[in-house]
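Consider the two complexes below, in which subunit A is the common component and subunit B and subunit C are the respective partners.
== the complex of A and B ==
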C-alpha cells in the first residue's frame, strides 16, 4: 500500500514559512550577545519578508496542505493587517520595560509566534488548523501580557487573560466537537456539505448548541459582550505595546476565521445564527459604549471602545453578504490606523509620566505638544466616526451593507452607539485642547499607589524617558497611522478595493 | 469652478499654518475675499431659469456608489453668497483684535467655511451628509478652545438669571445634539438610496433618487431621520436644548457665522432634500411641522424678550426666525418658499453684524448683560445708527427686506389656512418687542458708571458698514432674490404640491 504525501504549494505557504524561519532566527539570536541588540531589526525584517510574500500571493486563490489552509484574498488582507500591527508593536516596544525585563529576544519571539498563529488562523479552512492557529495566537499572548515583571497589574492581566482565554478555547473546542458530530467532517467545505446532506441536521439541537458554543468561544477572542469582561483589565494591565498589538491583530485574525467558519462551514445555517450574532453585536455596541463612559484610564477606555468596535464589525458578518465582509475588512483596516495612532501616543505619554495612562495626564497637551495631540485627536475623531476620517467611511460602509440586507435596526443601533461614544472620545479631545495644563481636578489625580514603588521614592524610574516624544520609532507610527486615517477618509477608494479583495475571495459561498 | 469655491478657504487656512503667526489672520482674510470673488464670478454667469448649473460630477468612491457631485441652482447660489460674505467680517473682526493661537483659529474658521459651502453645493446625498457632519467639527474646536466659561464664581457678569456654563459641557452638548440628528440622517440617506435603487444600480445622486421615488411607507420614517438632523441644526423648538449654553460660551466672531449660516443648512436641507425626496411624508406631516414652526416662533420670541444676556436674545430670536423660515417652506406654496429663501439670506446678513455689535458693546461695558447697560449712543452716533439699522431689520420694519420676506411667508401660510398665518403674525409683533428692547436698553437711558461710550473705531466700521450696507441695499431690491430663486424653488416644491392636491 502506498501513501501519497499531500502536494505542498511552497509559494502559497511562503508567508507561513517566512515567519517560521524568522522565529527560529530570532530565538537563536538570543544566544549571541553581539546579535541580540539587533533583535528588533531582525523582527522587522521577518515581518517585511512576510508582508512581501503576502503581497506576492495577492491574487492567489487555492487550497494548501490538503485543504487545511487556504490562501486567498481574505487571508492575505487580514494577515497583512496583523503583520502591520506586529511591526508597530516591535517599534513601540523599543526601550519598554516589558521588552527589557523579559529579555528582548524572548519578547520578540513570543510576538512573532503569536503573529504566526494569526497568519495560520487567517488561512484556516479546517477545524484542526483553526484550533491550532488559535492556540498558537493565544498562548504567547498570555505570556506577553505578563512581561512587565515588576508591575503587579501586568502579571495579573497575564493570568487573567490565560484563565479567561482558556475558558474561551475550551468552549470553542466543545463547539467544534459537536459540529464534527453533526457533520462528520473537519474541513469547512465538508462541514457545509455534511450538514446539508445529513437528515434534519440543519435544525438539530446538537448542531445549534455547537454553533452557539463556537460563537461564544470566538466572542471571547474578539471581546464581544457579554464575553468581554477580561478586556478592560487585560488592556490596562498589559504593557502598552502588547495592548496595541492585541487590540488590533487579534481582532483581525479572529474575525478572519469568524468570517470563514460562519459563512463557509455554517453558511447553510445562516438563517439560524444571524439573529444570534445580531443580538450579540447590538449588546456589544451598548455595553462597550456605556462602559467606556465612566473610565478615567485611557487604556481601559480604549478597551471598552474596542468592545463596541467589535460589535460594529460583527454586524458585517450578520449580513452574510459580500458587502458585509467588505465593510468589516474596511472597518478593521481603519481600526488598525486609528488604534495604532492612539496607542502610540499613550506609549509616549506613559514614558514621560511615570507610566500613568490617566486621561488627566493629557491636559494641555494640545498647546504644549501639538505633534502628540493631533494624532490622538484624529484617532478619537476617527473612532467616533466623524468625517473626514476613515472611521466615518467605515461606518458608512457598514450601514450601507446592513441597510442593503434589511438589517436597518442594527444600522440604527450603530448610529445610537456612535452617539453614546461621543461622550468619551470627545472627553479626551476636550482634555487635550480645552483644559489648561497642570490644573488637575480633584479626584482625578494620578493614583500613586498603583505606580511602581520607585516613583514614590527619590530614585527615578530607569524606563522613564522625558524625550520619548522625540524618538522616531515612537513618533513615526503615530504620524503614519494618523496620516492613513485621514488619507483614507478623503480618498477611500484604495482601501475599498483592498476590502473588496477580501470579500471577493468568498464569492463562491455568498452573494 | 464650484470645487474651487469650496476648497479655497481650506487651502488658505493651511497656508496660514506655514506663514509667521502675525500674518495668519490676513492670509485667512485674503482667502475669504478670494472665495467671495469666485462666488461673484459664478453669480455673473448664473442663469436664474437654468436649473442646476456648473455641474461637477466625478466618481469618488465607486465601490460605495458615492459621487463627488456639485451643482448650484437658484436657492443655493444665494446661500453660497451669504456664506462667502458672512465669513469676511468674522475673520476681519478677529484679525483686528487678535486671537490666541491664530494659525489654528483661522484654519478652523476656514475649514468651517469649506464644509458649509460643501453642504450647500453637494448634489450627492452622501456628500451632503458628509459635509453636514463635517461642519460641526471645526466649530467644536472653535467653541471649545476659544470659548470661555461663563457665570462661574469669578465671573463679574454672574447674574441670577444665567447659571454657570462650562465650555466643555456646552460644546459636548452641542456636538452630541447635532450628531444625534446627523447620524440618523446618515442611516436615512443610505436607506433612501438603497430603497430607491430597488435592486438596481445604487446611486446617491439626489436627482436620481427623487426621480426614482420612494415608497410611501419608507418615506415616513426616513422623513423623521432627516427632520431630526435639520431641526436640531436650526435649532427649532423643542430641539434647541444645546443652543443657550453653547451660544453663551462661544467666541463671538465664530458664533456670528455659526448663527448666520449653519442654521440655514437645516432649512436648506428641507427644501433641497426632504420635500422633493419625501413628498408624501412631507404632506402627511405638514401640520406637525407647521405646529413645530409656530411653536418655535412664539417660544423663541417670548424667550428673546425675557432673556437679559444679549447673546441669548439674539439666539432665541434666531429660533423664532428659523420658525418663520420652516413655516414658509412647509406652506408648499411658491410665495411662502420664496419668502423663506429671502428670509434665510436676510437673517444671515443681520445676525453677523448683530453678534459683532454685541462684542463691541461688551468691550465698552465689560458685560453682555442687558440689565446694567445703557446710554451707549451718547457719544457714539455712528455706532448707534448701525445698531439701529440692524435692530430695525431684525424686527422686519416695513420697507426692510425682512418685512418682504415675512410678508411672503405669511402670504404662503394664508394659502394653507388663515389660522396658521394669524398665529404666526403674532411673532412679527413680538419681534418688535425684543428688537426695540435690546436697542433701547443698550443705547438709550443714562450711561451707568464704568461704561464707556466711545465711537466705533474706523477699522471696526470698515468691517460693519459693508454688511449693513448690503442689508440696506437688499431692502430696496429684494426682488433680486425673489426672482432669482423662483424657478429653483418652484421645482423643489413641485412634487410635493402635486401630492398635496
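== the complex of A and C ==
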C-alpha cells in the first residue's frame, strides 16, 4: 500500500478545516463538565483562528475540491463578516437565558455549525455545495431560535422559521433541479456555458421557472419581500443574540451565493433576470420601510428594517456590474457594524428590564445612560443613511452604481425608502433623548402556567441583570461597532478597498 | 424534449394503479368482519394495511418522544454508514493508505457525535 493522496490545497481549505476542528472540540466540551465553562473561550478561539486563515488566504483565487468550492476575494470578505458576527453573538450570549438553558457549549456548537455552513456557502461554486452549505447554515439556526426554552415566543419563532425556511429550501432545490435540466451541469461555470449555448430564459420555460424558483428560495433566506413575512416574528421571538447573528451573518452568506449564482452561473442571462430582481428590490424597499413605521417592538422594527436593507443590497446585484457588487459588499460591511451596535444595546436593555424590547422602555435613556444611548442613536442614524456614518457612504455607492448602469428609477426608490425610514429610525432617537425618564413600562408578564416543562439540565428562570450596562462583553461590541460605523463614514477608503477586493474576484465574469 | 419525461408519467400511473389495487383488493378479498364482533382487533382487520398500529390517527394522538429520538438517531447513523460501502468496494483497487485515513477520519467524526449523544443521555430509554 502506498500513500497516494490526491492533490488537496489544504491552505485554501484551511478556514473550513479550522471551523470543523473547532466545532468538534466545542461539541466534546459540551459533554465533559470540567471543560464546559470554557465554551465561549473555545468558540472565540476557533473564530479567531478561522479569521486568521481567511486573512492568510486574502489573495487566494483558486478552485478547491474539483471546483465545488472556490476561495477568492468574495468568499474571504463575506466569510470574515460572518465570523465577526458570530464572535459578537458569542459575547452577547454570555449569561443569556437561551445559552444557559440550551447548555452553553451546545448553543455554541449550533452557532459554530451555522457559521461553518456560511463559510461553505460563501465559497460554493457548485449546486451541491450551494445546497449543503445553505442547509448547514439553516438547520442549526432553526434550533438556535428556539433555545430560550422557557419563552413561548422563542419556541414559536423556531418552529415558524423551520417551516418557512423548509419551504424556501424546497423551492430553491426544485429551481436548482430545473436549471440542471436546462443546462446539464452542476458547476456554476459549466451552467453558465450550458446556458450560453441555449436560447435564453424567455423562450425556454425550464430555465425561466428554474431561475424564478432559485430567486424565490434565496429571497426567503435574505428576507426579500414578498417572502419576508417570517422575518418580524422570528426576529422578535428568537433570543436577541441569535437575532443579531441571524440578521447580519445570514445576509452576508446568502448574498455571497446570491451574487455568485446570479452573476457567474446565470451571468449569460443577466439582462433577462435583472428586471425580476429589480422588482423584488423595489417591493422590498417599500414593504420593509412602510411595515416598520407601525412597530412598537424594537426587534420587530429592526426585522422590517432588515427587509428594507435587503432590498437596498439586492439593487447591487441588479446592476450585474463590479461597481454594484462593490457597493453591495460595502453596504453589508456597514450593515454589520450598524446592526451589531443596535442589537448589543437591545440585549443590554432587555437584561435590565426583564426581556421587554418595547421602544417605550428606552425612554429617557439618553439622560440616564448616555453610554447606551449613543450607540443606539448612531446605529439608527447609520441605518437611516445619514452622514457622517458608513450607512450614508454605502447608500451613496449603491445609488452611484445604479445610476451608472441606467437603473435610475431603482436609485430613486432607494432615496424614497430612506425618506420613509427616517420616520421610524428618528422615533427611536426621539424616545431616547426627548422623553422624560422613568416611565418605562414593566417587562412583559411571564405566565408561568403556560410555560413548557423544564428539560433536564435546564436552569435559570427569566432574570434581571441590573448591572448589564457595565459588563464589558456586552458594552464592548456596542462601542466598537459604533466606532466602526462612524470611522468608515468619515474615512471610508479602507472599507472601499475591502469591498473592491470582493468585486475584483468576479472580474472574469462581469465588467 | 418533453417525451423524455414519459417514464415519469408511466411511473406515476403505475404507482396509482398498484396502490389503488392493494387498497381495493383488500376490501374484496380480505376477511370480512364477523357480524356482531365489535372487538378492536376485528375492526382493525378492516384496515387496508395491518401494521400493528392504527393507520388512521386522530389529531390528538400522542407519539412517544423516546421512540422519536431513537428513531431519529438511528436514521442519522444509518445513513452515515451507507457512505462506508462505496469506500469498501474501491479500497482494494486503490491500494492507498490515504483512502483508509479518510475513512478513519469520517468514522472518528461519527464517533464524536456518538459520544455527544451518549453523554447527553439520548440513548437512555425514558
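The rule we apply is simple: the second predicted complex is superposed on the first by the 475 of 511 C-alpha atoms of A that agree within 3 Å, B and C clash if a C-alpha of one lies under 4 Å from a C-alpha of the other, contacts with A are read in each partner's own complex, and residues count from 1 in each chain.
Operating definition for what follows: a residue touches a chain if its C-beta (ideal position, glycine included) is under 8 Å from a C-beta of that chain, and two chains touch if they have at least 3 such contacts.
Remember, it's a predicted structure, so these values are computed and weren't measured experimentally.
Enquirer: Who does A:5 touch here: subunit B (first), subunit C (second), both, or neither?
Expert: So A:5 only meets subunit C here.
Enquirer: Scan A:334 for contacts with subunit B and subunit C and give back first, second, both or neither.
Expert: neither
Enquirer: Could you figure out whether subunit B or subunit C reaches more residues of subunit A?
Expert: B
Enquirer: Looking at the overlay, what does A:396 touch: subunit B (first), subunit C (second), both, or neither?
Expert: Once the two structures are laid over each other on A, A:396 reaches subunit B alone.
Enquirer: Now for A:24: first (subunit B), second (subunit C), both, or neither, which partner does it touch?
Expert: So A:24 only meets subunit C here.
Enquirer: Of the partners subunit B and subunit C, which touch A:486 in the superposed model: first, second, both, neither?
Expert: neither
Enquirer: Is A:76 contacted by the first partner subunit B, the second partner subunit C, both or neither?
Expert: Neither partner.
Enquirer: Report the residues of subunit A in contact with subunit B in the complex, numbered from low to high.
Expert: Residues in contact with subunit B: 326, 366-367, 381, 385-388, 392-393, 395-397, 399-400, 403-404, 408, 411-412, 415-416, 418-419, 422-423, 426-427, 430, 433-435, 492-493, 496-497, 499-500.
Enquirer: Enumerate the contact residues on subunit A facing subunit C in the complex.
Expert: Per the touch definition, subunit A meets subunit C at residues 1-6, 24, 27-28, 30-32, 456.
Enquirer: Report the residues of subunit C in contact with subunit A in the complex, numbered from low to high.
Expert: My answer: residues 95-98, 100, 109, 112-113, 115-116, 119-121.
Enquirer: In their shared complex, at which residues does subunit B touch subunit A?
Expert: Contacts found on subunit B: 60-64, 101, 126, 130-131, 133-134, 137, 140-141, 144-145, 167-168, 171-172, 175-176, 179-180, 183-184, 186-187, 190-191, 194, 202.
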